[in-house]
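Have a look at these structures, which come just after this line.
The same subunit A turns up in both complexes below, where it pairs with subunit B and then with subunit C.
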Partner chain A sequence: MTLPATEPEAPVLSIRGLHVRLSRDGRASTVLDGIDFDLAPGEVVALVGESGSGKSTIGLTLQGLLPAEAQPEISGSIRLAGREIVGARPRELRDLRLSLVRAVPQDPMGALNPTMSIGAQLRESGLSADEVLEWLARTGLPNPRRIAADMPHRLSGGQRQRVLIAMSMAAKPRVLIADEPTTALDVTVQAQILTLLRDLAREHNTATLFITHDLAVAAELADRVMVLYGGRVAEVGHTRALIAAPSHPYSAGLLAARFDLDSDRSRQLGTLASEQLRARPSGAHCNYVTRCPLAEAECSERKPDLVRRQDGRQVACFQSNRVPDLLARVREAPSWPEASASEANALELYRIEKSFGPKRGILRPARQTQVLAGIDLRIQQGECVALVGESGSGKSTLLRIAAGLLAPDEGDVSWFGGIPPQVVFQDAVAALTPWLTVGEQIRDRLRPLGLSRHEQDKKIAEALKLVGVDPALQHALPSELSGGQCQRITVARAVVVPPKLLLCDEPISAMDVSLAAQTLNLLGSLRRSMGMAMLFVTHDLAAARLIADRIAVLEKGHLVEVGEADQVISAPQAPYTKMLVGAVPRLGGSQEKLQTFPPRERDQSDALAS
Partner chain B sequence: MLAYLAKRLGGLVLVLVVMSFIVFCLQAIIPADPARALAGPSAPVETIERIRAELGLDQPLLVQYGQFMSRLAQGDLGTSIRTRQPIAADVLKYGPASLELIVFAMLLGTSFAFLLAFAQTTMTRSGGVRLGMLAAGSFPIFLTALLLAYFLWFKLGWFPGSGRLDIRRFTGPTGFFVLDGLLLGRPDIALNAIWHLFLPALALSVPIAISVGRSLNSALVDVMRQPYIRTARGKGLSGGRIFFRHGLRNAASAPLAMLGLQVGLLYGNLLIVERIFSWPGLGLYTVQSFGSSDLPAVLGIAMVFGAFYILVTMLVEVLQSVADPRIAL
Partner chain C sequence: MALATELSAPTAPPAFAWLRRVGWLERIGLAGVFVITLVAIFGPFFVPYDPMLRVAAAYLPPDAAHWFGTDEIGRDLFSRVVLGVRYTWLPGLAVIGIALLIGTVIGVFAGMVGGWVDALLQRVVELFLVLPSTLIALAVVAALGPGLINTMIAITIFWWPWYARMARDEVRRIRARPHVEAARIAGVKGSRLMLRYLLPGAVPALAVAATLDVANIILTLSVISFLGLGLPAPAPELGAMTSRSVDSLTVYWWLPIIPALVIFVMSILANLAGDGIRSALRGA
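Let's look at the complex of A and B:
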């Protein structure tokens, strides 16, 4: 492609016909299938797509860091500052990484060497001791001298990401690859990190590839957006124009599934794509065809080319003129089923207190950290309460106490009828036993009921149908299912014997937008139709507002605000809630809206807790 | 750190008390009679009774144990029946030979372990290395030692097969002959001592090399997959620098623990190897004490090695906390 006429400079990065094949378990598959793309100096381009779209592979290919055990086969051309990367020797690639292309990683917690001081790791990047302090200060870190001498484990996630940004930007690279740099961080820290990245990139005229699955984050930061699906470019365009009027059904689907604080919470979220088979980007057909609601015969016969339109938008779709109708259809998403509520309390937490850390020993003073300080919370039958807070606020601890998995130091937990609740965990794949079929794992909950084998099978099939999984899949092992299906299985396991109370621990935080929307729809419908009470722990205020009747805000072990969901979001009372609400990225937001928050000095207990 | 040391030393005392009790009880159960062994098979009953009284063996067991413990508190491990020397003096006399051997075995074992792990991490086809480690690991130590002695000493004559030095009657200030040779300005003696050390140390080093090598290798495989290694590669650092500065130190903890375990448990192998190579150390001393039912000596040596094990474990934990600043003692 060529750049719009408003960009006079020659591109610093130009990719032509890039194909990448990677092997996994001895089977090679095409991960990138013909990418064409240019990046101008100082430009910020967001690469948007779900996991498996190949967006991270582009970043790794640019750095020459594709894992050797995947035996990468690369063809096409990547020219970075006039140098060809495809086919370059390892030595040349190392030179490129040293000065021209740098990356900010996804998870700052693991990306710093735990046995090396921050200063030493920055000096390895070619900085003098003075430059290290200067760069630490520039990234907004308080007391750079102390931080330079510190070890990574004593810093919070946000501080570590600042260190990693300093490490990358100090090399004055021409291209910066930021691979979901904020997904692992708290929402208030996210905004600060995005601002910092954008400001530094502008100042140094660094071209930035911003890899994300979140269109709203892209909207706040990027000049242009490139939507990837299954290793091919679906659509490229200027950010605001693309978000206002997507031209590819996949972009439209991403936008429809995307929810924020302005989404309509009186009905279910609109989802376009079904989570069917994962498309493989090979063959002469549109690779979105199996999920596309607009698919026609020609979509499975020919591969659509990336066509440039009058307005500069590039789209690879035969049906792009029908996308506006599709968006209209989304707005008629089904409403929630009828809910039944009663006055009785499904869960009652009374003055819960909990501390962690070593107790006083003979030779050691107590080093206890209070995690929960006298929490009172009641959930009525059929009601959903969302518990929100940042990492280290104690929300997961409270959930584990409510589940009876952890004993509080003080206070009482009581469940309706004394029946312990069911829990849906964040990592669904890890919450399933890998060597048992999913049917057997659901059956485990039916065993105490003394049902016949036949009745058990019937109940299992019913539960699977309820969560939208083909009952035939009960004989599958968890490894044979997708992440979304695994999460549905854990829900089926929880509801096969209808519980009075369901506890959800960040069930959507590791999910793509479309999957998250589907999971929210599922949980929201189930709890209403089954009359379950629900405690939904999340750091995502938008999800909390959608799913819950009431929101409880937890700050450092104290409940600072509890109220009706809409009220808490539209008129937050506590300063902490105001800050959380203000930090949520919104789709309608523009780059100017991105506020600068004063960097908060986070104390050590925060860093340790997260 | 101080609290840690206090706790560990407290543990040391506790373990020694328990161990002394167990070994002492064994002494009462085993039907061998040290007094008869000392007097000889044809000695008259009166002589045996006299020796028994001399050794305090006619006292009730509990009294014997009490006496033993009170002497122990004063650093007296008792008197050897066989050598008629205080056992503490024997430990000081034979200990340096064993310690020198252990240190060399440890150095050799660690070097081999490092080479093995490095080969497995860097080579694309490391199946041969793994097979060799499996084969070497399946050899019992007495067979390794005998094979080494047979080929490298008896057949080829490259290394001496017994003793600590070619010259007899050498004494140095420390008892560590390599060190003594250097201290006395006699590098020839130091080299000769190393030459003698080689075969027994090699035999002892095989199990150390294999267990530590495997542990180091699996730790390295894990560490080299960590995101911070990708960060280091993303900085454009060279492969060697990434391996040594970012990989090795983070992988150190598990192999250090394994090294401590292997060295701490070396005692059993030491008996065999010192016996085969006639190495005048505590291993050979123990074997000879067994032969003459010298239970006080066996008891004393067992306690010395028990203490040695705890000290090695302590050292390992200190080293681990040096390697990884997240481990606080």
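Let's look at the complex of A and C:
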């Protein structure tokens, strides 16, 4: 804004009135409902929204890759480097994909041919052997020559993602689409990949659409943020300004629910919106109205237009001047219920050893990998311990051993009173039997108690109320419920007969921020009010710190650090813990690791969006 | 406040959503199977002539009075084919049903119990699978004597192991899924685990396989009848009718061709219906 008003660069991508309808089982639904948007060369814009917001559909539409079986109906205009995409012939689209738009996918393994060496695949996309090595080196891969000769399965997830970034950037595209490129990666790798993407985008003046559900990741990377809800643009603005002062209740809700290492752990997380319902209303009203805490009569009668304010922010909300009050309300989130703890151990793991792989045969040496090496861990009654580690650290194996699902090779597991614990699984939908009503599945926990059917019904209703689900839903099948409701049902099944110990296996890792916050609140409240001990397995240090009294850090099967939650975060002892803590993205946006290049003036970008 | 969040009821999927997943060819198959079953049950009550008696001159070609013509002793071929559908279709369904029952019980039991019981039952199943099926069926019929019931027994003997193996594999697969693990942790065990948590998961695969097998059973039944080991002579079984008149193919073409065509159409429709059931169950 300090610059004089110069002629703005022509946008490389310009979307006007984009509507997309997709069909499933013969029913068409509107996935994108009037998107207007511009992207300037070299600009990084984050598309933020929860699943179902349409953020991935934008990326697919740009590439002309909407699934044909969904019979996509596209209207509006997408101009990419001056060429119209809507209505383009397949041949033209292929051309565009080759030269103008490239994408970095979510799952790097799925995008590489498992039968071809990395070098051969890169050469197939038109690079010479020297260029291959040069690009591999530029993406920070050590020893490019060795990588080029390797097959994809020999690389780590982060290395594969670097290869794909090299493949995309080497084509010198005008627009790069990165659809959640780091969700499949460990936190320590995430930060490096984000830095690499941003570096390359700036160096080559490539406009980047960064699709994510995580506002903190967006904050680290993007010049501007576009918040999508239900196929419409809720808010567009400069990253820092938007995060400092959101103007749409949905952005405010995302921000309030977002937690990091600085969140207040003495009280529950602030959640503004209620859970997303299955039916998404679209029509002449604000489509956030069913969840919005600020909704007025007006909101359900007219559709709010995306209005441009003085400061360049664009918001689609009638009540945006009341959003600051809303944020103040969040700070008064309720505190946790009174907890009770006792000296007795709810779980005791003693020198647990576990290896996988073929045992020694008559003619074959043992080829076993040790997954857990001498783990000692005790959880007192009423206490919550978070077990933190990256993929492959053995944390899930330890949980399965603690649950009695897996026998350790060596060592002992003992539960208080010999009562087996209950488990909350990572994928709640998969943990419910699809052909039984959720009420029946909860009832199966009550059967051994010898209660009358009437008493069972009463207990089921109580458990459902406790987790915040309408008891009438006990007659629903899991497929009729949302993911969040399914997670609450599995919790209800676990606590309908209060267990002494609850084991949670990454219960929030697949969730959107608002849902994750609600689940953490639920589990944190329940374990305190019921006096349950809890083992909370996660790769998310911020979640671990919020939920747990103590944090145990697992690195390659060894417990490297166990301590009070705040202490582990603020003064980590083990080098591995230090690395994990340093890699957690924060909203503040003051990331030294991303300040290695001069920040470029991008203030004119909002002027383009009008 | 998460705990106070009362969630409203979900929108139920529309009725007949499963039908949308079924292609139009497959719908024809499903409708056709339904019609064939009706014809097999009720058709013989409404046929224009007694299928067992001489009603006209022999070897009349198809015309308005005798739609499919008459056979070598002047019986109405249309009436005989309708009765033949009953004698072919209903035993086919019965064989499938019995084989499915035996196979599922053994397979689910083996899959759930595992260990040496599973190993033993698997070897028994394999023993049946490696036997040359048609030969064994012929041997059984030869030993027990020709007749519909004996033919059905013979076919069932080598048909159930396929379902046993499939049910067993399905149960092993489902057993490893998180929802069964979750049910075990919740304290479900024994017959309840088997009948309510494991068996329903195996049903779709078995249902599809069984429907697709209807065509195979019809063909096998017809082959055995064709070889003269099915129903004894006067009864109009479609395979037997084709077999007896195949010599007159060049002269009285309708005698072998029409029953053979009916077998062909039934097999195709049953196959399409099997595909239809697979499509319908896919999204469920």
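Couple of notes before you dig in:
Keep this in mind: the second predicted complex is superposed on the first by the 575 of 610 C-alpha atoms of A that agree within 3 Å, B and C clash if a C-alpha of one lies under 4 Å from a C-alpha of the other, contacts with A are read in each partner's own complex, and residues count from 1 in each chain.
Basically, a contact is a pair of C-beta atoms (placed from the backbone, for glycine too) under 8 Å apart; a residue touches a chain by one contact, two chains touch by 3 or more.
For clarity, every value in this text was computed on a predicted model and none was experimentally measured.
On the superposed subunit A, the two partners subunit B and subunit C both fit, without a clash.
When the two structures are aligned on the shared chain, A:423 is found in touch with subunit C, with no touch to subunit B.
Contacts of A:373 after superposition: neither subunit B nor subunit C is touched. Of the two partner chains, subunit B is the only one touched by A:115; subunit C is not. Using the contact criterion defined above for the overlaid structures, shared-chain residue A:151 touches subunit B, although it does not reach subunit C.
By the touch criterion stated above, A:88 is placed in contact with neither subunit B nor subunit C. Ranked by how many residues of subunit A each touches, subunit B and subunit C are led by C.
Using CA centres, the angle subtended at subunit A by subunit B and subunit C is 30 degrees, rounded to a multiple of 10.
No C-alpha atom of subunit B lies closer than 5 Å to any C-alpha atom of subunit C in the overlay.
Residue overlap on subunit A between the subunit B contacts of one complex and the subunit C contacts of the other is empty. Contact residues of subunit A toward subunit C in the complex are 25-27, 268, 271, 274-275, 277-279, 334, 403, 405, 420-423, 425, 427, 430-436, 440-441, 444-445, 447-448, 466-470, 472-473, 476, 479-482, 485, 490, 493-494, 517-519, 521-522, 525.
By the touch criterion given at the top, residues 1-14, 17, 20-21, 177-183, 185-188, 192, 196-197, 200-201, 283-284 of subunit C touch subunit A in their complex. Those residues of subunit B that touch subunit A in the complex are listed here as 2-3, 6-7, 226-228, 230-238, 245-246, 249-250, 323-326.
On the side of subunit A, the complex with subunit B involves touching residues 63, 65, 94-99, 102-103, 105, 107, 110-116, 124-125, 151, 153, 164, 167-168, 171, 361, 363-364.
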